[in-house]
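In the two complexes that follow, subunit A is the common piece, with subunit B as its partner first and subunit C second.
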Partner chain A sequence: MISRGQRLTIWSLVWLSIITLSLPTVVVLGASFTAGNMIAFPPEGLSLRWYEKIALARDLRQAFFRSLIVAGVCTLVSIPVGTLAGLALSRFRLRFAGVIQVYLLLPFTIPLIGSGIGLMLVFGQWGVLGSLWPVGVACAVINLPFIVWSVSSSAVLLDPDLELAAQNCGAGRVQTFLYVTLPAVMPGVITGSLLMFILAMNEFLVSLLLTDARIVTLPVQIYNSIRSIITPDLAAVSVVFIVIALAAIWLLDRLVGLEIFLKSK
Partner chain B sequence: MAAVRSEQPAVVVQGVDMDFGTGAMAVKGASFALEPGRFLTILGPSGSGKTTLLRMIAGFQAPTRGEILIGGRPADAVAPHRRSIGMVFQKLALFPHMTVNANVAFPLKMRRHDPRTIPARVARYLDLVRLGGYGNRRIHELSGGQQQRVAIARALVFEPDLLLLDEPLAALDRKLREEMQLEFRRIQKELGVTTINVTHDQREALVVSDEIIVMDHGEIQQHTSPVDMYRSPANPFVASFIGVSSFLEGLSSPRGLMVNGVDCAGVAAGAILPGMPARGAIRAEQTRIGAAAEACDTVLEGRITDTIFEGERLMYFVDLPALGTGVRIYHHDPAEHAPFEKGATVSTGWNARDLLIFPAKDR
Partner chain C sequence: MPETPADFRYPLRWRLMDGIEALADRIWPRRLAPWTGWLLITPALLLVGLLVLGLIQIADSSLRTLDTATFLPSEDWSLANFEKALASRVYLTVAWRSLLGAALTTFLTLALAFPYAYALVRTRRPWVRKALLITLFLPFFIGQVVRAYGWLIILGNSGMVNEALSLVGVAPMRLLFNYPAVIFGMVQYMLPFAVLLMVPALAAIPAETETAAGSLGANWLRTTWHVVLPMAKPGLIGAGLVVATLSLTDFAVPAMLGGGSQDFIANAIYDQFFRTADQGLGSALALMLVAAGSVLVGLVFLVFGAGTLSMGGRR
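Here is the complex of A and B:
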């Protein structure tokens, strides 16, 4: 039995969390629809003029496509690396498994500014600064633990006999991986790669260090604009980010939710 | 058909040891041969090494010592996925993301059968396991027994020379398990495929097998037919593991076994000299009680200490003061429904051929 007082406490906590978590989103969403010239909440009147402005702004649009490329490169790099690392860590009894696990988590222990400067020095030495793909690779490196975790958590649920059964059916190593292991950990791979995509899309600090004026990504472009003048078009850009994240979550639910549905048990 | 295939045994296991380096060896000096078309069950308690032995035959593990020949060829000369061995796993290991059809077709696809012949073959084997029409179902849509049948179809569809069953019935409820035991037997007889089954269920071993191997502590205790295994256990362990036996400790005598100064009628079941410490084993259903006991070779006075009702029969725990020990007795009493009362004094007896006497050093 929950008493009246307990119910009141629980619901106040629930609403407090809902409000604090969604407040920034709501404010930005409101501010983006303002008809005025100042970023403000509540908005002064309703209009889509700032959306029109960002749609027409060439620099924003280009920065947006650059961010998409960065996120795409990051995802493409992290899928094979993260999947294989996640599988290896959970499926095989490796020597130094503990050490490897810590090593793969290192990106989390170093402040982004530290890894960003490190990567900047390395890429500078290689002479690849100034192109977009190193930014994607950098995002993959610093966020790798996310996809490794998500794949391992799928892989530990895997019945080890499944792979033996595939061998027994006549499947070689590669076939076993393609037809049995990979489909079984697919939920983890999908979750991890969408996460990697969103994180790379939003990555600011490392992008700031690795990009120059010709190849700024969207978060850096927004930062540059804030430094000069804050107008409601930035709120509109933020809403675009939120929509992309929501789309990814929807996709995740469709794909992985479906996968779980297909699983036995 | 299997008998024509070759003159040599289907499986030969020769002095096989498996040492995981964790203290006691998992399998010690296992040797046996299995003729084509036979159904062998390896029976033993958990930790007896039976599953390890099966996995070595399947090629998932290499023996520490010894040799395994399948169809006359060393098993480890062939990669696991190239061996002609079908296997049903304990947890079935069906592919959850595939349909029933795709699961059963998988071995054919991997073994590069002509794609045009696959659907017909899959349908034929689904019919064999009585799952015709279930091909498009997802695995999770099937009941436990149906999943079992899919696993059997998948193991048999490529017509392997050898079928291995790794306790696949352990997870089923009793009724379904008994149904599937008969099903295994039917399918095995229909196809004539050489089969090795692993289980800890003595009833299953007796029901399905042509021959049984009993294992304990990594060693083969006995290898014989179900009837022989039951009637002539090689040692007290086998006698206790299959069926319900009571044990009497004493010294071997010319008549049988001297227990607490009472000379009991029995027969020697091993190399044993009079006067040696010995252990007698007697089955619960071969020990008589009441009027039926009067005509036996050995008759003693007993006192009933407990009664267990098991439906089709009763089990009596009977204390024998003359021997200083007790025995368990199965008693079928369908007509009279007049059980002996707890605490009653009853005649208890057995015939000489039913008390098997082993040297005491045998486990």
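Here is the complex of A and C:
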């Protein structure tokens, strides 16, 4: 039973949120199609010239591929690590489980600037700064709790009796894992790895700290260009991110359903 | 009963599986089973260990002062950097600005996230739910830089809002590079996090409790205040904690929407490393920020528990 006052209050606040959330995306999309040299309102006609320009810009293209590599490394590292950790936390009785949880939440509790600078010093000492894979590893570290969460929230839904039943039917430990446990936590693994990919693709501060001028990733490239002048080509680049985000949402919805995030806890 | 042919072999897949099982038994014998959980969690512990190594590095360099003659960090340890940071008025201002910003952002974000999460959980129409989810995920997946860029286009001196205002004859206003702009950008950045962390707690509240409160004579405001909010506490704590720590330590929003005049702690640390190149002072500041964040998180965990942030889930 919902009263009119409640409906009105809630939905006006929700609409405020919707507008705040979507406005930058919509405006960036609109600005990328402008025909003028400056971003103006009202726009000076439609054109695709800025897309043509960014397609020809070598630095942007390279930065984009670097971002893809970083996101790929991050995902490849975090899938096994996060899946195993999620299973361990939800399906095994660990001693000091509370301490481990607090420890694994460190990536969230340590401020990003602290993690970034710490990793910069560590990687610097190891002499690996200047290549891309440390950036990917760093992204995996700072976002690890996301994949651990999504895996463990799928894992707790699996009835332990199913695993016992499989073993009772003669399946070994590896078989039980591959044919019972893994399929059951697959939604969590998919959700987690998509999140890891997207977050690494967009990661800004850690990239800024761990890359130098030769290996900037796309968000850093955009950030550096914004500081000089705002031109519509940046809007066109930003649309690349919007398209990737839309693709990820579509994929997530197709594979596991967005409603997975609405589960109660 | 048919004879088993002499050259009978089990299917390849079976033999492969048996081989893998035998290998697993060799590498990780069954008597080690009590430790399997630890085996699974070790990679994560090691990966997060990188952060611990980083903290040790920061702690080490925070104890070394910059030698202005050679521009190298000193060999011996001292607390000079901490003294310098604590004595400086500039950092006091920056710290105060960040703390106030984090508090404002947390309050505003929770105030917006609660109705959003509530609508998301309670709506009966699937398409509304899906639309709300997509609206939430799109900015979440787009990243801070692009979003901040969008705000620059909208709010800039020759941005959309000012151009529109000039059409009706209002002089351009400085909408960017001030404190409210930073807070606004921050709230927008944090909203998806907050909603996603709040939703599990709200979904756990049966709609019947609200109906019951209503049938006992409570109006919806009282129901929300006395029934829904207390039951949603784990979600509010989880969301509030994440928003508070993330906004306290954010770099991109103050850098891009504050335009250098509204630095938060993270910006000050970055400047120490990359502008002034005083690694020791920067490390001291970073360490104090880590300590402040940990104390905040630790206190909330102690008082309220981990809320929706707990990773083990139900047993």
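Remarks
Definition applied: the second predicted complex is superposed on the first by the 241 of 265 C-alpha atoms of A that agree within 3 Å, B and C clash if a C-alpha of one lies under 4 Å from a C-alpha of the other, contacts with A are read in each partner's own complex, and residues count from 1 in each chain.
Following the convention adopted for this analysis, a contact is a pair of C-beta atoms (placed from the backbone, for glycine too) under 8 Å apart; a residue touches a chain by one contact, two chains touch by 3 or more.
Since we're looking at a predicted model, the values are computed, not measured.
In the overlay built on the shared chain, the residue A:I110 is in contact with subunit C alone; subunit B does not reach it. In the overlay built on the shared chain, the residue A:G192 is in contact with neither subunit B nor subunit C.
Contacts of A:V148 after superposition on the shared chain: subunit C is touched, whereas subunit B is not.
With both structures placed on the common chain, the touch criterion links A:A184 to subunit B but leaves subunit C unconnected.
After overlaying the two complexes on the shared chain, residue contacts for A:Q167 are found with subunit B alone; subunit C is out of touch. When the two complexes are overlaid on their common chain A, residue A:I100 makes contact with subunit C while staying clear of subunit B. When the shared chain is aligned, subunit B and subunit C each come close enough to touch A:Q175. Counted by residues of subunit A touched, the larger count belongs to C, out of subunit B and subunit C. Of the two partner chains placed around the shared chain by superposition, subunit C is the only one that A:V28 touches, whereas subunit B remains out of contact. Judged by the touch definition given at the top, the superposed model places A:D159 against subunit B, while subunit C stays out of reach.
Shared contact residues of subunit A with subunit B and subunit C: 172, 175, 259, 262-265. The residues of subunit A lying in touch with subunit B in their complex are 159, 161-162, 164-172, 175-176, 179-180, 183-184, 186, 259, 262-265.
Partner subunit A is touched in their complex by these residues of subunit B: 58, 60, 79-82, 85-87, 89-91, 93-97, 106-107, 110-111, 138-140, 154-155, 158. By the touch rule above, subunit C contacts subunit A in their complex via residues 17-18, 20-21, 24, 36-38, 40-41, 43-45, 47-48, 50-55, 57-58, 61, 111-113, 115-116, 118-122, 129-130, 132-139, 141-154, 156, 158-160, 163-164, 187-188, 191-192, 196, 199-201, 203-204, 210-211, 214, 219-220, 224, 234, 242, 245-246, 248-252, 256, 265-266, 269-270, 273, 282-283, 286-287, 289-290, 293-294, 297, 301, 306, 308-315. Those residues of subunit A that touch subunit C in the shared complex are 1-3, 5-6, 9-11, 13-14, 16-18, 20-25, 27-28, 31, 38-42, 77, 80-82, 84-94, 97, 100-115, 117-122, 125, 137-138, 140-142, 144-145, 148-149, 152-153, 155-156, 172-175, 198, 201-205, 209, 219, 222-223, 226, 230, 234-235, 238, 241-242, 244-246, 248-249, 252-253, 258-259, 261-265.
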